[in-house]
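Labels for the chains are A, B, C and D, by order of writing; each one numbers its residues from 1.
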Amino acid sequence: MSKKNGEMKITGKDYWRSLDQLADTPEFNTFLKREFPLGASEFDNGWSRRKFLTLMGASLAMAGLASCRRPEEKIVPYVERPEEVVPGVPLYYATSMPFSDHAFGLVIESHEGRPTKIEGNKLHSSTLGASSAIIQAQTLSLFDPDRSKKVIKGQQEKSWNDFVLNWISAFEKYKENKGAGLAVLSGMFSSPTLSRLKKTFDKNFPKASWVTYEAVSDENIYSGTKAAFGKSYRPNYSFDKARVVLSLDSDFLLTESDSINNARGFAAARNVETEKDEMNRLYMVESGYSTTGANADHRQAIGSGDIGAFTLNLANALNNLGINVTGTSAQLVSDKKFKWVDELARDLAGAKGASLVVAGRRQPAAVHALVAAINDALGNIGKTVKYSEVSDTSSSDRAGLQSLVADMNGGSVSTLIMFGSNPVYDAPADLDFTAAMAKVKTTIHFNDYADETGQLTTWHVPKSHFLESWGDTRSYDGTTGVTQPLILPLFGSVSESEMMGLLAEGKFSKGYDLVRQTWKNNNKGGNFESRWRKILHDGLQEKSTYKLQSPSVRSSVISKFLNNNPLTNSLGTSGMEIIFQSSPSLYDGRYATNGWLQELAHPISKLTWDNVAYMSNADAKTLGVKNSDVVMLELNGRSLELPVWIQPGQAENSVVVELGYGRKGAFKVGDGVGGNVNLLRSSSAVGFATGLKVTKTNRTHALACTQDHWSMEGRAIVREATLEEYRKHPKFAEEAVQHKPLVSVFDEHSYTEGYQWGMTVDLNSCVGCNACMIACQSENNIPIVGKEQVANGREMNWIRLDRYYTGDVEDPETVHQPVLCQHCENAPCETVCPVAATVHDAEGLNVMVYNRCIGTRYCSNNCPYKVRRFNFFNYTKDYSEVEKMTQNPDVTVRFRGVMEKCTYCTQRISAAKIEAKINGRKVVDGDITTACQQACPVDALTFGNINDAESRVSKKKKFNRNYALLSELNVKPRTTYLAKVRNPNSRIKKA
Amino acid sequence: MAELAQTETKALQEPAHHELLITGDPSFEQVTDSVSRIVEGKTPKAWWVLFGISSSATLLLLVAIAYLFWEGIGIWGLNVPVAWGLAIVNLVFWIGIGHAGTLISAVLFLLRQRWRTSINRFAEAMTIFAVICALIFPAIHVGRIWVVYYIFPIPNQMSIWPNFRSPLLWDVFAFGTYFTVSLLFWYVGLIPDLATLRERTTNRIKKIVFGVLSLGWHGGNKQWKHYEMAYLILAAIATPLVLSVHSIVSMDFAVSLLPGWHTTIFPPYFVAGAIFSGFAMVMTLAILTRATLGLKDIFNMRVLERMNLIMLVTGSMVGYAYAMEFFIAWYSGNEYEMFAFVNRAFGPYAWAYWIMISCNVIVPQFFWSKRLRTNIAFMFIASILINIGMWFERFVIVVTLSRDYLPSAWGYYTPTFWDIAILIGSFGLFFSLFLLFLRFLPMAAMSEVKGVLPQADPHYAGNIQAHSQAVS
Amino acid sequence: MAQIFPKWTNYLGPGTALVAVLLISGGTWFFWFYASPSFTDVGYRPVQPVAYSHKLHAGDLGIDCRYCHTTVEFAAAANVPPTATCMNCHTLVKQDSEKLQLVRDSWKDKKSMRWTRVHDLPDFAYFNHSVHINAGVGCISCHGNVAQMEVVEQKEKLSMGWCLECHRNPEPNLRPVSEVTNMDWVAPANQAEVGKLLRANKNINPPKDCSGCHR
Amino acid sequence: MMKLVKKIDRVILAEFGSPKELLKAAEKMRQEGYKEFDCHSPFHIHGMDAAMGLKRSPLGYIVFAFATMGLLGALGLQYWTSAVDYPLVISGKPFFSGPAFVPVVFALTILTAAITAVVGMIVINRLPRLRHPLFSSDRFGKFSDGSFFISVESSDKKYNDAHTAGFLKTIGGQNIEILKDE
């Protein structure tokens, strides 16, 4: 909470005034015309108007003046209503979000020019309508009042024009000497326009250096494919076609690239409608406990440094089965023994062409090369994995960064431009980037925050959020998409393309023109205008994917590479192993300013607002530490303190730490949250390193965890069976509770008429990615409460992902269960409310009426699922006018003292019903998707009319895996679960 | 009425019943004097000290409530799952305390337990103050205090009514009725004594105040006739009321579906517990008052011993209920129930559970010993321990919330400073009101005490002059 | 000893009873009257920045409601017209009228007019104009005869109970959709039957549940 | 019809020594035919009602009648609000949830009974009557202490200053006073 109490930096007025910087642009003039629409009048008064008090005052005075009776509210109409804008009716625009060296195609919901909700673009192959937590949280990042608002030189505020003039003179100077002394350190991008402009830059400054670096990248994968095929490729996986999957330290379901499609394919291959269906099998070998590990049928925890040895063992086992893995003949097989390697090899061999081996991005290139060879040997290339050559992108290059820093230290760099990157925070510590930067005469920082780097540079230029920029992208499979602004820049920032245009061409051009130029170049022939219109409408260009290839492993190349880079080199070193993992919420730290993501519970540990040193129970015992004890991590003479979190199933002798925390330039939300593990990273070991020394300190650090209890206590909460058991007992889910059907003593209300809403949650599909949680938060105006409140059990999520461990503490299995309001027909919450603030409606919804609620919290007590959330404080009190703009005008903002909970997105139900009513038809299946359902990449949530036998939800409720949580209470929930099925290899005995 | 009088007379004539209820064999005038003296005399220093302490605590309560209204109930340690905390614990505790007063005044009246006359006024006052303390909590614990009137069935522009199926609404009516009936009962009992004070005082303002309050009571038998009938009716309806109120309080828990709450044993168990704690509180107050203000004849050992016996009985009933809860949880075979009770005894709140068991089950068993139950020091300490134990009983019940059906939602509740502040503050308010009562109103029912003196019997054989000063 | 109380005090009992009865009934009446939306809200008639006359425009000139309130048929909100709508005519008509100075300023400076909202529901009540219009509820039912109003004022309570009256029994307020904006439409003598028929035809089942309006 | 406030302007007061004497005197007063007399004592004396020839108080019947009205009112309130005026589906329970309505019915019945009992007692006793001729006596104050009195109102048919005073004296009355309040 204390974070939220920080003084508001800007007021509504300032926010408008700051647009002055744009005053000379035509955009600003249009913006002036586009004065703030009807929605603004809603901010004048909170939703709780104390009419009664006003009225009391009036009646006591006995004044007959009508105007005294109530507070005046203003209506501020448009001067000219933009053609497409209807006050109160949202508009949807397609755009795309650049991320790493790929992108996501999105559709943005906009209320009177105010983007409030993000969905995946159904037409775009990168999302197909789904999204992720990070994508969903982008509206909050857009409306972050801490974003950079000014061009700054030294400590002084400058105007954009100052910078332009300054650069133009530098441009001329460097153009003369061909760019000698000029260097650019860029973040990754994949944009035709940026690439085009970069080419111009290279042409203008042939001697300048351009280096791309990000803390998290697929660099090792590209190097690995290069080692295997002789050419750098990006792998494109088809998990839906893979029957047997082996993941080597790869969290492909959440934190690796293209996770949305990976999860979708994986879940599709796992889906069982009846006991007769087949499903895939996932073997996981990893050090930490990842979301993918939680979905594995067999999981083995070994250090990340042992993965290479494991892969060699596997190759050897495959060789023994007669499947010759190219390039391994010269390798020594380590004598280290691993569990079930032979059975795994047999299983993979049995699924030739329908199996898939993937390795995580932190594994060295050699592992990736070997994995390519294994996939080749198994005949998977061209079937479950294809390769593409990426273009229009700029990918991370650690070696380049090293030489750039050397140049900087050597004094040969006179101007360094940091384009969308924050190296002071995330460059490997051994490079000491800050010191090197100090040796450069002019440093220019261009980013969306005046972050750690921006605070030290000569110039800082604010970068626009993608929702306010013109740009373009290429997604993981190469689909070209446009990025269109949903709103003009809030804080007088400029877009990436505009900045790049200025840098490369020495003159300012509008983003729109730059992007359009690129697309015009790439769309020669035919009527460009009509194509362009369609591209803007769809947000993408059809059939623009990279060419998918099926190269073969080149024996000579890979053998040489593996000989030079032996896979066993990390074995046997002393000390512990440290593994650097990108945060599933904050990624590499760029989202540390986003309160939703900070407060989002970690998919496995359920921690919020902190990063920790995850270690195994055994290691914690050896060190004599428990959860929340602070330990000192020392590596190569650098050290960092982090609190310990004991992670069941973590590999022994290894510590997992997450990137993205410990920011110092993340302002009121992100500053001081967690520790910066980049301080322990060196450029030679960015994925993992050995030789870590861990020592106990005597301090503790309070951690806010949303789920303290690990075990289901033997209760039939998440019901799970193996495929074999499922085939023997198809109704195992129902039979998990030995109960006769319960009978009520009174005649229950019957719900046979009209629409009857219900939902199913398929536990077999759910991978636990958290996308639904942020989607719900964004759709339903759920406030951020802060770390102290979370620690006190007051987090506000309407849908939560419960995580339980089963089995052995050292090697547990993990299950995830999304829990939201179950909309019980016999809802126990309703009967106890003294004021009838929560009742049932005719369509079976358990409705919660905020304006009737007096806040006794009795309903929450009596809810067996504990899905009700209470506004203990006025959590939205400190929202600035800018932050308020994230809020969905179709959902009431709750005041302090009221209960709230999942409504099945009743605003969407109402909208669909009204729409259908006006058009004189009925609501049909698919008209309504709840926010969580829409975001879910694996289709785990299905919502619809259970009174319609043909609806998807009705059909799913007829599956024999269907069960109601706590059905023994006879509360008759409308939300039911489809039990989880795992598919372990029967030849592998459980430990 | 006449019939009743006859049986009474008969009973009095039987030697077994003809024991002295008031020790020291005082005259009517001595009774009047010893009780009125406290009201009329100078305020003792001790009173000022005690009042200073308790009114400071009351001030703390006011500050805590003001801050609560300003910030919201987040200042308490509540969370989800434990959405009820000390506010509800205190509510149930104070309502329970109130029960002894009604029981002494109504139930014992109907049961012709005439020893009640010495403590009934005192106990009724305690009831009212305890109920006032209790009623603070349901009002302030809601999230939006400014719309709390939604719980009353007032016609409104929303055309919506409260939900009469909610135990909280039952509470509203039960507490409202209980408070009103207790207040009426107390006031009706006070009328003759207020008349006494009116006649004794020489201060004109006091005379007017007491005069208005006593409604012009002149002790005529025509007044007494209706008065006695009204008193009897009040006693007759207060008896089921006192049993119902704590039953309804228990339904706040029993009507829910939570393991550890959803049990049919709750109503009788709560009533027994309420009487148990109420008597303990009367005992604490009686011993303190007796020690500081004299009145050893009225609060005599015979009365105290009987109260100890009642505590022994109700304490044993409570202990039995604790045992039965465990038995039924095991016998039901319901895994959630079993877990809830094992968790109570051995889970994170085991400390509270064992405080409760020691204070409520073990302590009263010492009253089997005649020596201990007539030992003032022992019974004083025991009564305080029982109050602590009964407070913890409610605490244990409320924090059962911390672990219910889905382990993912389990939590832990730690009271904050403000939680504790309102607890202390409520004691402050209670003692402040009680001290004001002791100072300004007759703390024993003079007319009733006189009525049970031997010489009050019209068939009394002795010489009334021996008891009273000459009529002159 | 002298009497303390004067004689009139013997009338205290009946007197108190009388005062109590008066206070209770008076208090009830007071709240019933002054706290009801018919007092607090009905008749609200704020002064608007421009003395726009609905009587002139909608009544005498007979401009249809939807000429200005364009979104009423397909959106939740019936928009207040943009200045452009005013200027459609007033670039030609009454170009120099002093009363229209603010409108012209708004048009020139591209600054919005700031009208004062008359019909104002609480922000937690989500009213949708389009669904009512398409069901055949006349503008007049909620807004009164705007065509006769020189200055617009609130005619109905717009309270929850008032809404519910119609949601429970919509038939008296239904009319053919074509007549929705017609302020002069008179209900036929057999409105009971007509209403029933209109309701059946359009399958009108207004929600009486909380979720109908509160989200 | 009873007058709003009974006029009492003249009262004879006599003091008696003990409850026993008072009881006997009351019996004698009754036998003599006095009706408008009263026996004042600090507490209710057993047998006095019979001695004075008073009937049983009707308060019980009044309370019963009002309590029944309270019961029906509470039941009606809950039925009308929950099942007629705005029936809401709550936990799938019937609109008229009989068992759940019992506590409120019970509480309101008790409440009406209690209020009726007290208000009834006050009304029947014609209270408050703060001014009474009795209060002008200096001795009378002791009625609430340890003294016993008989008072006779002048409205009694048999009342006569001298006669009544004499009679009171014969039955053991002392300190006889005639109290006026004109």
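Remarks
Here, a contact is a pair of C-beta atoms (placed from the backbone, for glycine too) under 8 Å apart; a residue touches a chain by one contact, two chains touch by 3 or more.
Just so it is clear, the structure is predicted and the values come from calculations on it, not from any experiment.
Considering every other chain in turn, the ones in contact with both chain A and chain D prove to be B, C. Here A-C and C-D are compared, and the pair linked by more C-beta contacts is A-C.
In terms of their C-alpha centroids, the spacing between chain A and chain C amounts to 46 Å. Chain C and chain D have Cα centroids separated by 57 Å.
Work out the mean CA point of chain B and of chain C, and you get 54 Å between them. Each chain gets a centre from the mean of its Cα atoms; for chain A and chain B, those two points are 58 Å apart.
Shared interface positions of chain C, defined as residues touching 2 or more other chains, are 4-5, 12, 164. The residues of chain D that reach two or more other chains are 86, 88, 90-91, 93, 97, 100, 122, 127-131, 135, 141, listed in rising order. In chain A, the residues touching two or more other chains are 828, 830-831, 833, 836, 839-842, 852. Chain contacts here are complete: no pair of chains fails to touch.
For chain B in complex with chain A, the residues that touch the partner chain are 71-74, 77-84, 141-148, 150-151, 158, 160-163, 165-169, 172, 252, 255-258, 335-336, 339, 401, 404-412. The residues of chain C lying in touch with chain B in their complex are 4-5, 12, 36-37, 157, 159-162, 164. Touching chain B in their complex are the following residues of chain D: 15, 17-20, 22-23, 26, 38-50, 52, 54, 56-57, 59-60, 63, 67, 77-78, 81-82, 85-86, 88, 90-91, 93, 97, 100-101, 103-104, 106-108, 110-111, 113-115, 117-118, 120-122, 124-125, 127-132, 134-135, 140-147, 151, 174.
Within the complex, the chain C residues that touch chain D are 1-7, 9-14, 164. If you check the complex, the residues on chain B that touch chain D are 1-2, 5-6, 8-9, 27-29, 32, 153, 159-165, 167, 169-170, 173-174, 176-177, 180-181, 184-185, 187-188, 192-193, 195-196, 199-200, 211-212, 215-230, 233-234, 237-238, 240-241, 244, 248, 251, 446-448, 450-451, 455-460, 464-465, 468, 471.
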